[in-house]
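Presented sequentially are two complexes of subunit A, the first with subunit B as partner and the second with subunit C.
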Partner chain A sequence: MENVLLKAENLRAYYKLEKVSVKAVDGLSFEIYEDEVVGVVGESGCGKTTLSNVIFMNMVKPLTLVGGKIFLKVNGSFEEISALSRDEVKEKFWGKEMTIIPQSAMNALMPTIKMERYVQHLAESHGLDARELIDKTLQRFKEVGLETSWLKRYPFELSGGMRQRAVIAVSTILNPSLLVADEPTSALDVVNQKVFLKVLMSLKRRGIVKSIILITHDIATVRQIADRMIIMYAGKIVELSPIDELLEKPLHPYTEGLLNSVLTPEPEVKKRGIVTIPGAPPNLIDPPSGCRFHPRCPHMMDVCKEKEPPLVEIEPGRRVACFLYAGERT
Partner chain B sequence: MSRLVVKNLTKIFTLGFFSKRYVEAVKNVSFEVKEREIVSLVGESGSGKTTTARMILRLLRPTSGTIHFEGTDIWNDLNDKESLKDFRRKVHAVFQDPFASYNPFYPVERTLWQAINLLENTPSNKKEAIELIKESLFRVGLDPKDILGKYPHQISGGQKQRIMIARCWILRPLLIVADEPTSMIDASSRGGIIKLLEELREKEGTSIIFITHDLGLAYYVSDTIYVMKNGEIVERGDPDSVVLNPSHSYTKLLVGSIPKLYRKMEDI
Partner chain C sequence: MASRSAVKYILRRLIFLFITYVVATTIVFILPRAIPGNPLSQILSNLSRVAQSNPEAIRAAEKNLMEEFGLGKPWYLQYVEFIGKALKGDLGTSITYYPRKVMDLIVPVIPWTLVLILPATIVAWILGNSLGALAAYRRNTWIDKGVLTGSLVVSQIPYYWLGMIFIFFFGVKLGWLPVQGAYSQGTIPDLSWAFFMDALKHYILPFLSIVVSAMGGWAIGMRLMVIYELGSDYANFSEYIGMKDKRIFRYVFRNSLLPQVTGLALSLGSVLGGALITEIVFNYPGTGYLLFKALTTLDYPLIQGVFVILIASVYLANFIVDFVYALIDPRIRIGQEE
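And then the complex of A and B:
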């Protein structure tokens, strides 16, 4: 418990629409330790991005926190951030304790505002000295491999990979302990992807950020830097495991299917062949009963349709939500 | 005999109205595709791979160089309508964006009817033609009930791409040019599309050219890989030698940058 940075207990967040609610995050419990990289992986629409919003308490209607608690360690003691409102969390913790690189952040930069202005905005909103912060940014730009003169440029003058690095430099300027990156590499080509991963890891090595949550659909990318992996399916965690064990022996049938659909230029992949998961992810307004993966699962049993499998630890550090392993527990 | 022979293919685009600029999109590209062969042209955006594909499909006239398909020069010998129609019957394209391949105002089976009209022996009556369409849909793992009468917005991207391959089952072309056929669909349906194309090769002896930036895909499906960079082919060979033992510095950079599942990059 000492080295836990963030703790989530039975988190439930729904998109409450007029008549129905979309259960995008439904009963997630996990913890993020200090000094680790956790990958969150799943298909489109499994609730990965919603999870990042929930961690930040970025509750914008119709997204509503229905239940559960989030604790964040701030200066050695735990704060229950789920008890605060969005504005309070924003003022107290955003940028300082936790920061996010949202999906396609590099395209969200206003082309007519110089990079410098973003830093000034940051200083204003946190009541800091802008001059000092800009000096710090210059230093940070060097660290992420950008020329310091770029700070005076407009975003459209920078290439995609450079913009992404500029975003990460600015967003980590206040040395937050937790960095959440949502699909940071999906818009970049492979060469720039690697550069970006290097930047992420160097930020962590220098102690600028303590822990990183990397949200992505690309297992091969996560594999390069993550220590542990969370596999999500239809708003639930199906497996949580250290990365090497997970690749060695995936426990959940969904994890196995996901790994087998990856195409990377490796002899192992050619030998294995390409396997696909039949069907499509369910609609989260009315998810399937019992285990949400049962309609697509090759090992479906009767109990899967009726009861929901709990996420249980079956090996040290490895948790899985599947009835296939229920026998091993007892 | 090689099915397709591309020799010294060059395409120069002219830009500007008063002050002209020239962009050499494809430079002196030569390669061959044999019967039953799967060939991949791999490169990043702007490497000239799509331009090459468009010239092979007879959509863009090359500046110089020749393309011979089954012994005929496709840019100089196809003069009348009939021989052109024959070329269209034998060479089929599957494009990147399945959403752009359909006219939103017509039901999706219109693309299949167009394929039927291209056939040499067009079915004598409508009933026979519908049977043919149904059979082709079964071949690609689609239930005709789910497809016939639907409009493009009512079906998924993976289904649309499957219908494009159903067209191939009607026409049974000799060559398929697939330009990033899997880049816009989910990873879980990607495998299915690849399998369908491989099955077509097995059963009909079709040759396939994959145009892709995904070296993982190229490594998995191809017999021969050509790596393109700035309009030129910089490396060619069988997948194992290109991917596991690259010789050109660009291929080395590319292979080194691709994240692997079973290996961790050492220099991160």
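And then the complex of A and C:
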């Protein structure tokens, strides 16, 4: 527990509609350690973005925290942020302890004022000296590979990749310990993706941010920088594992399916080509009984339809929720 | 480079404006002539009352008048003559108010219209946008529901009905304010304090009725814009990095207001003719009332005259909007330079 930065216990967050609930995050438990990059991977609609909202306690109706706890380490002690209201978490931690690079980072900066003024306003909001914060931003601009004179420009004068780096510079300006990047690379070309990942890693190396959660559906990107991976399916974690072991030997059939659906440079993958997972993710209003993946699973057994497999540790640091490994449990 | 492309842009706009202006004035020239009826009938019936016994004299008078207004000539010759005179600033002679010049009829009523509708439009814009933004910011509270329902109702009420309700309630029932005209009948407009107060009293009802009826539309539009902008990426991101709510709302307000400015400029352009119904309902001596008179008596030269000025003011507003927008929105200003 000593080097844990964020801890989630049995998190459940539903979109509560009038008659039904969309169970987008349903019983997640995990922890993020200090100084690591965790990739959260899954198909569209599996609850990844909801998870990022939950981590920030960004509960905007109809999203409601139904159960579970989140702890964030702040100045060496744990704060139970799930016990606070959205406004309290926002006031105390957003921008200071935790920050985000949003899904559409290209449009994330206020479009009709110059970036320098935006930073001034940010300083005002946090009660900081504007001059100092601007100097800091200039420094950060250099670090992410932007020219400092661009701070005096409007966001739309920069290209998409540059704008995204400007967003990184601004969002990490107060040295938050946790950075959540939500689908940050999906709108970028391959070259800019590479630059972006480099910038992320250099922020971590310099200790500007401690840990990064990278939410994406793109395994090819996340494998380049992640230390561990969380594989999500239909609002649940199906596998949690260090990256190398996961790539070498995926345990959950869904993880295997995901990996097989990506082209990677390994020769056997080239030979095999792309294999897709048949079917589509389930409707989260009324998810399948038992294991939520069973209707699409090639190894489906009778027990999968009736009982829900628990997420259990079967190797040090490797957890999987699948009855295939029930026998290996001690 | 930048200035050259700007000049090119302005030139292109001007040429386009000129062409559309010619087309519009042509339509305005042709349409009244397509309405069945004889514009001279009113003058002639007045004449016949005077010279009842002499039909010969009336026929002679009709011939004279036809010649004077050029109505006997083929329409294209009339058109050429109209354009030629208009370019020299002569819009011809009114038929209804014969022998007064069209220019002399229009120019004195323009200030009345401007004084009434310009402030009313601007006040409605300011109030409507403020209310709409407030409703969006307090979404789903009773304020929002009140503003939205009120705006929907008010903006859907036919204006003439709203005007008459105002007259009935404040003018007739309560007797607080005069029910018609721009000043008391029998007074002669001058610069005295007494006349000013008299005009002000007459001013309140038409002014309020315009503000109330126009406000709803602005409020509905602004509310939607603000709700949309509140959910935009920059608003969300600003929140995530700890920007104060007040500041985010100012961003949102600013960006939502940009399209509303265009709307305002356009409605200011149509000010000269836009209050036709107001001026009819309140019997207010403005350009709208004059146009109404001209239309009901088929006064070709007067109709043409009013429209020539009206269309010009709409086009001018359109032209200015482009530049105003470039001034207030850096995305357009700088985007065009590059």
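The rule is simple: the second predicted complex is superposed on the first by the 323 of 330 C-alpha atoms of A that agree within 3 Å, B and C clash if a C-alpha of one lies under 4 Å from a C-alpha of the other, contacts with A are read in each partner's own complex, and residues count from 1 in each chain.
Heads up, the rule we're going with is that a contact is a pair of C-beta atoms (placed from the backbone, for glycine too) under 8 Å apart; a residue touches a chain by one contact, two chains touch by 3 or more.
Please read these numbers as outputs of a predicted model, since none were measured by experiment.
Once the two complexes are laid over each other on the shared chain, residue contacts for A:Phe56 go to subunit C alone; subunit B is not touched.
Of the two partner chains placed around the shared chain by superposition, subunit C is the only one that A:Thr99 touches, whereas subunit B remains out of contact.
In the superposed pair of complexes, A:Leu284 makes contact with neither subunit B nor subunit C.
By the touch criterion defined above, A:Ser125 reaches subunit C but does not reach subunit B. When the two complexes are overlaid on their common chain A, residue A:Val22 makes contact with neither subunit B nor subunit C. Applying the stated contact rule after C-alpha superposition, one finds that A:Val167 touches subunit C and leaves subunit B untouched. Within the superposed three-chain model, A:Pro111 lies in touch with subunit C and out of touch with subunit B [touch as defined at top]. By the touch criterion defined above, A:Phe156 lies against subunit C but remains apart from subunit B after alignment on the C-alpha atoms of chain A.
By the touch criterion stated above, subunit C contacts subunit A in their complex at residues 232-234, 236-244, 247, 251, 254-255, 258, 329-331, 334-335.
On subunit A, the positions that touch subunit C within their shared complex are 56, 58, 90, 94-96, 99-100, 102, 104-105, 107-113, 121-122, 124-126, 154, 156-157, 167, 170-171, 173-174. Chain contact summary for the complex, subunit B toward subunit A: residues 44-45, 156, 186-192, 194-195, 213-220, 239-240, 243-244, 253-265, 267-268.
Interface residues of subunit A facing subunit B in the complex, by the touch rule stated above, are 43-44, 189-191, 193-194, 197-198, 201, 217-221, 223-225, 247, 257, 259, 261-270, 274-277, 280.
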